[in-house]
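Next up: some structures, all given as structure tokens.
What follows is a pair of complexes built around chain A, which joins chain B in one and chain C in the other.
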Partner chain A sequence: MKKNEKTAELQETADDRNGSLLRIENLEVEFHTVEGIHKAVRKVSYEVKMGETLGVVGESGSGKSVTALSVMQLIQSPPGKIMGGKILFEEKDLLSLSKEEMNHIRGNEIAMIFQEPMTSLNPIHTCGKQIMEPLILHKGYSKSEAYEKALQMMGQVGIPIPRQRMKEYPHQLSGGMRQRVMIAMALVCKPKLLIADEPTTALDVTIQAQILELMKILRKEMNSSIIMITHDLGVVAEMCDRVVVMYDGQIVEVCKVSDLFRHPYHPYSEGLICSIPSIGGTRRKLYAIKGTVPSPYEEKTGCSFAPRCQYAKDICRRQCPEMTDLGNGRLVRCWNYRETGNLMETAKESPEGRGKA
Partner chain B sequence: MNVLRYLGRRLVFTVFLLIGVTMMVYIISYMVPSDPVVANLSARNLNNEEMVQAYREKWGLDQPVYKQYFTYLNNLLHGDMGTSLRTERAVMEDLKLYFPATLELSIFGILFAVFFGMLFGIISAIKRNKWVDQILRGVSVLGVSVPVFWMALLLLFVFYLKLGIFPGPGRLSASLTPPVHKTGLYTVDALLMGDIKVFADAFKHLCLPGICMGLFTMGLISRTSRSSLLEVLSLDYIRTARAKGLRERDVIIKHALGNSLISVLTVIGLGFGNLLGGMVLVESVFAWPGIGQYAYKAAQNLDFPAIVGVSLLIALNYVVINIVVDLLYCVLDPRVRYM
Partner chain C sequence: MKNKKSFLKNNTVFQALRTNTLLTIGVVICAIWLFVIIFADYLAPYDPLLQDLSLRLQPPCREHLFGTDSLGRDILSRVLAGSRISIGAGLQCVIISAVAGMLIGGISGYIGGIFDDVVMRIGELFSSFPTIILAMVIASAMGPSLFNTLLTMCIVWWPNYARVMRAMVIQVKSNEYVEASRCLGASRMRIFIREILPNSISSVIVLTTVDFGNAILLFASLSYLGLGSPPPAPEWGAMVSNGAEQFYYWWVATFPGLAILSVSLGANFIGDGIRDYLDPKLRKTIS
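Presenting the complex of A and B:
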């Protein structure tokens, strides 16, 4: 029943909401540190459509958060610096806006939720005050109007006894409650785009599920687009319409979520899918992508995944592949995408008992 | 409720602390290889055995030191801090006379230090590593490291002698009569009397020694508030504040400053305590009749009651300041409040 609902929802997404809300084009971000120049984001391009939830997946250091922070222009500078590219939000290039204009967009039209609810709220202001702040700032609400609206928002994100909670300080709330406050704060101005940077990573599993459920409900109510940054493919499967896979500052694959799980084309995506433990079905040895992320300061020739890739050939080490458009919104950055799928096959065919492993 | 219990606990603690202070001072004075009789009687009287004996008896110096100590404690409990060997006045009276001068100067000094220290610290943090920051950091280091007597002379030389903007040493110009003693703070007393002229003069006299005293603390406050603000500005909730679309100025004023103040407060408290102990060098150069000079002279004369009295006063200052600082923590930081 639930599955049907989700398919229906996806269908709707594909059909009705094709206008582009945010388009990132060839974004390049570097960090100039004592150790050298770290190219954290290398010519990243993706788009978020109206009403769509886009997953951005990758391990730590893949540049997924940095890309999102660039959209908000919250990169600490120095050492961070946006070296090139465009970030088009409703066809306006955010990178060319003045500080004032950008402030008007931040928290109002684009809002962000962060990973650490424990440290992302100001300890010396009440939760109520922190939720009211964007309303007073962007919508010109009076204090009492903002109070009522914030109260309503707190109820909407499922905080019990909101009137009491309004007066409380962040340290008096649990992690899950704090994340709800963060969400209330982000959504209170009804932003067109919500960037959620690992919103559930720091939470207990049961709370994670609650927060994801809440975000789904709110997405429907508010009709906002969401960029869901995560390293948890479970979250992607649960929440997203399309997914962008990032590795070492580059996008390696873009596709619909269903396509990613059915047939990932990039060896890295494939590795990710195969390293998800499954409950039920045949027992198999859990797959781990060998090696580690390359040093950010290294000068790279060739595909940066090549050293860890089981399909790697000579050309992979010599020349970095370009994005290949496979049609139907699928893009992949790999010389060997036609050959991938071995891992998935092996995983299916050779079940291995836990005893053996 | 919580606050009252806290204050009660602190008060009990304070009593023990003060007893400890008296004990320490007595032990140290006893161990000093010197004799108050020698320090206070003239050479001729010292040769006179009867005179020496009479002096010892008069001041209780013929008693064993523990007896002296308990007599002192007993008197202290009855509000009597003893009589100064040097001034021959009750120590309590002396402290009432000298402490207000220091208090007035210290308040001026700490206000100066807090205002400029925080201002410089905040500007430094915002303009981190720019030339403004470098200059202000230089000023702070200078404030901390320049010898205070030299600074006192320099200020007097430039602003009194050469430019004539500020008056010279003393608390008031010779042509004016001091206001009636109510609080002992000339500026406050003058205002209470409604005498603006005396107020202005007393205030002008405060400036140079006050700045001189405050410079060191200003340097400390500026450095602490810079680093504290920079630390706070790198925290997650500041990123949240920026993500809300607040202007950088509001991010700093509404979200960063209050948090960064928490660690600066400690420095301010300690700095103020330090100033209230009196600064002998500044007081000497500016002929300021404060507690520092009084303590210095008491030490020179091995004037035990006065030494213990000043020590008690200084200890009490720190206790009171610490309590105030702790209460301010509660105001600033709800996490402390709800503990």
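Presenting the complex of A and C:
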């Protein structure tokens, strides 16, 4: 009971402070490979507010992970290179920081959870040692202090018998437990921003639900912001406040999660929403967006989604649309956003609609 | 603090010894040889250099347990005394080259790029030299001595370790946990020491122990050419090659050969044990 009150309070304070924690402005990332220049991220700008969970969705290769890795400055260079833009974390431009300053921010103020809990833990160190590592690195804790803190953290992420688990090696734990250890490692320094790169993709469904639940609780307890990178719209609906839809290195739509599910303006977002299978209702053939992601090496004129878009007109093929501000925090990059919604209409004929939305 | 009993139970080295029989055997063999090295002077029944031509090529008997060689020297005494030279030379060569190779190969693989290319080509340059010729060149340039021979062996030997280490490091550094560690804000140095080295060291350790026997034999062949320890000194490799000339007197070559065999076997067992110990998946625990 008491806990619920407390979390409600925290939620309020998070809503009150709408200051931005991280602001990405016109970020451009390129990969210079043998086949040519791959513009993985093209002028991406978004903002993460204090205490909010931002979903970033898109197909594989849409640049969502590259953007996140740029924030951490973990792009392999060469071949990757940040060509321009700013990444402002609490008004500091991360791109202008020295290596040491960046090392201090990584793991301390910005932390990251990876997709593969099986391979993201070092097989030769005990779980306890790995959770203690960031504390010793950043907070200057002694070993025994770090041990106590790590033990407490293990309990917090719901690992049973933490004292025993501290001594165990990653291969002795199940996938879900390992992901919990990863989360403990990421959160032990109480970072202000947590980047979760498809944190549940490698887990089975029941464990997915547990991990998401855990992340929600921890977010409330620690009051940190989360960037949730995923291609699972179910996760977005469950977790996020706002969502950024990316396609081919560009942002195509930014909006509140509820708005995305109610009325997506960009044809690509619409396609994504319509391709979620619904539980119950009349059976219909699942919608699939035609075609495939365009080759990253091509020089494009016009909107890069135009070849797959059912609304495409001449102007779409000639000129790339700019971001249109629709007010109330909604942005869309489309010439025809007023006309979209046909797919949604046909889909709505099935009475129950789409599950969680 | 902890009492002795719980220390023994919690100490992983002790656990490894208890659960891994081969490791224990290896440790025992090497401990015996260490004992021999230290107390060779007291253990040897005769002077290893004492010649008695009236007793030449005696088969093993009560007075001479391992028999005598073509100059009537007691083989048991020579094997015991030779342990210092042979094991010492083999160990020095293998350890120095393994440490050098590990560092050079590890750093080269970790940094990559042009630095890596240059270092590995230099390594190939060294290893493409025939050892014996290089030893002779160095000996003629700097004068023949034990030190120069060991130096030559290390110069020729380190690229093997560097290559293995480099391959392991390149494989390990692409692992996700290395990136995860970078995400936690660890510096390049810390990642190298904490994440990469311990994950790539095991194959070099195994290679080192396998090579140990080879090093003893290489040293023997260099001694044979007068580049190592000079002839009257009891040196296992030289004794074996001596015995090979007297084929019908089997004991002359057999006993120093067995000595080499037992030492490298012991080293191999220890190497395997260390590898198992370093890999938590293979480490057995007493519950």
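One rule holds for everything that comes next: the second predicted complex is superposed on the first by the 333 of 357 C-alpha atoms of A that agree within 3 Å, B and C clash if a C-alpha of one lies under 4 Å from a C-alpha of the other, contacts with A are read in each partner's own complex, and residues count from 1 in each chain.
In this section, contacts are C-beta pairs under 8 Å (C-beta built on N, C-alpha and C of every residue); 3 or more make two chains touch, one makes a residue touch a chain.
None of the values given here were measured: they were computed from a predicted structure.
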Based on the shared chain A superposition, would you classify chain B and chain C as clashing or fitting together? clash
Counting only touches as set out at the top, which of chain B and chain C does A:Lys216 meet: first, second, both, neither? neither
After lining up the shared chain so the two structures overlap, which partner does A:Arg23 touch, if you call chain B first and chain C second: first, second, both or neither? neither
Now for A:Lys300: first (chain B), second (chain C), both, or neither, which partner does it touch? neither
What stretch of chain C clashes with chain B when the complexes are fitted on chain A: 6-14, 24-32, 42-50 or 78-86? 78-86
So chain A touches chain B in one structure and chain C in the other; where do those two contact lists coincide? 72, 74, 99-100, 102-108, 111-112, 114, 116, 119-125, 133-134, 137-138, 169, 171, 182, 185
Residue positions on chain A within touch of chain C in the complex are 72, 74, 99-100, 102-108, 111-112, 114, 116, 119-126, 133-134, 137-138, 169, 171, 182, 185-186
With touch defined as at the start, can you tell me which chain C residues reach chain A in the complex? 175-177, 179-187, 190, 194-195, 198-199, 278-281
In the complex, the residues of chain B that touch chain A are 234-237, 239-248, 255, 258-259, 332-335, 338
Touching chain B in the complex: which residues of chain A? 72, 74, 76, 99-100, 102-108, 111-112, 114, 116, 119-125, 133-134, 137-138, 169, 171-172, 182, 185
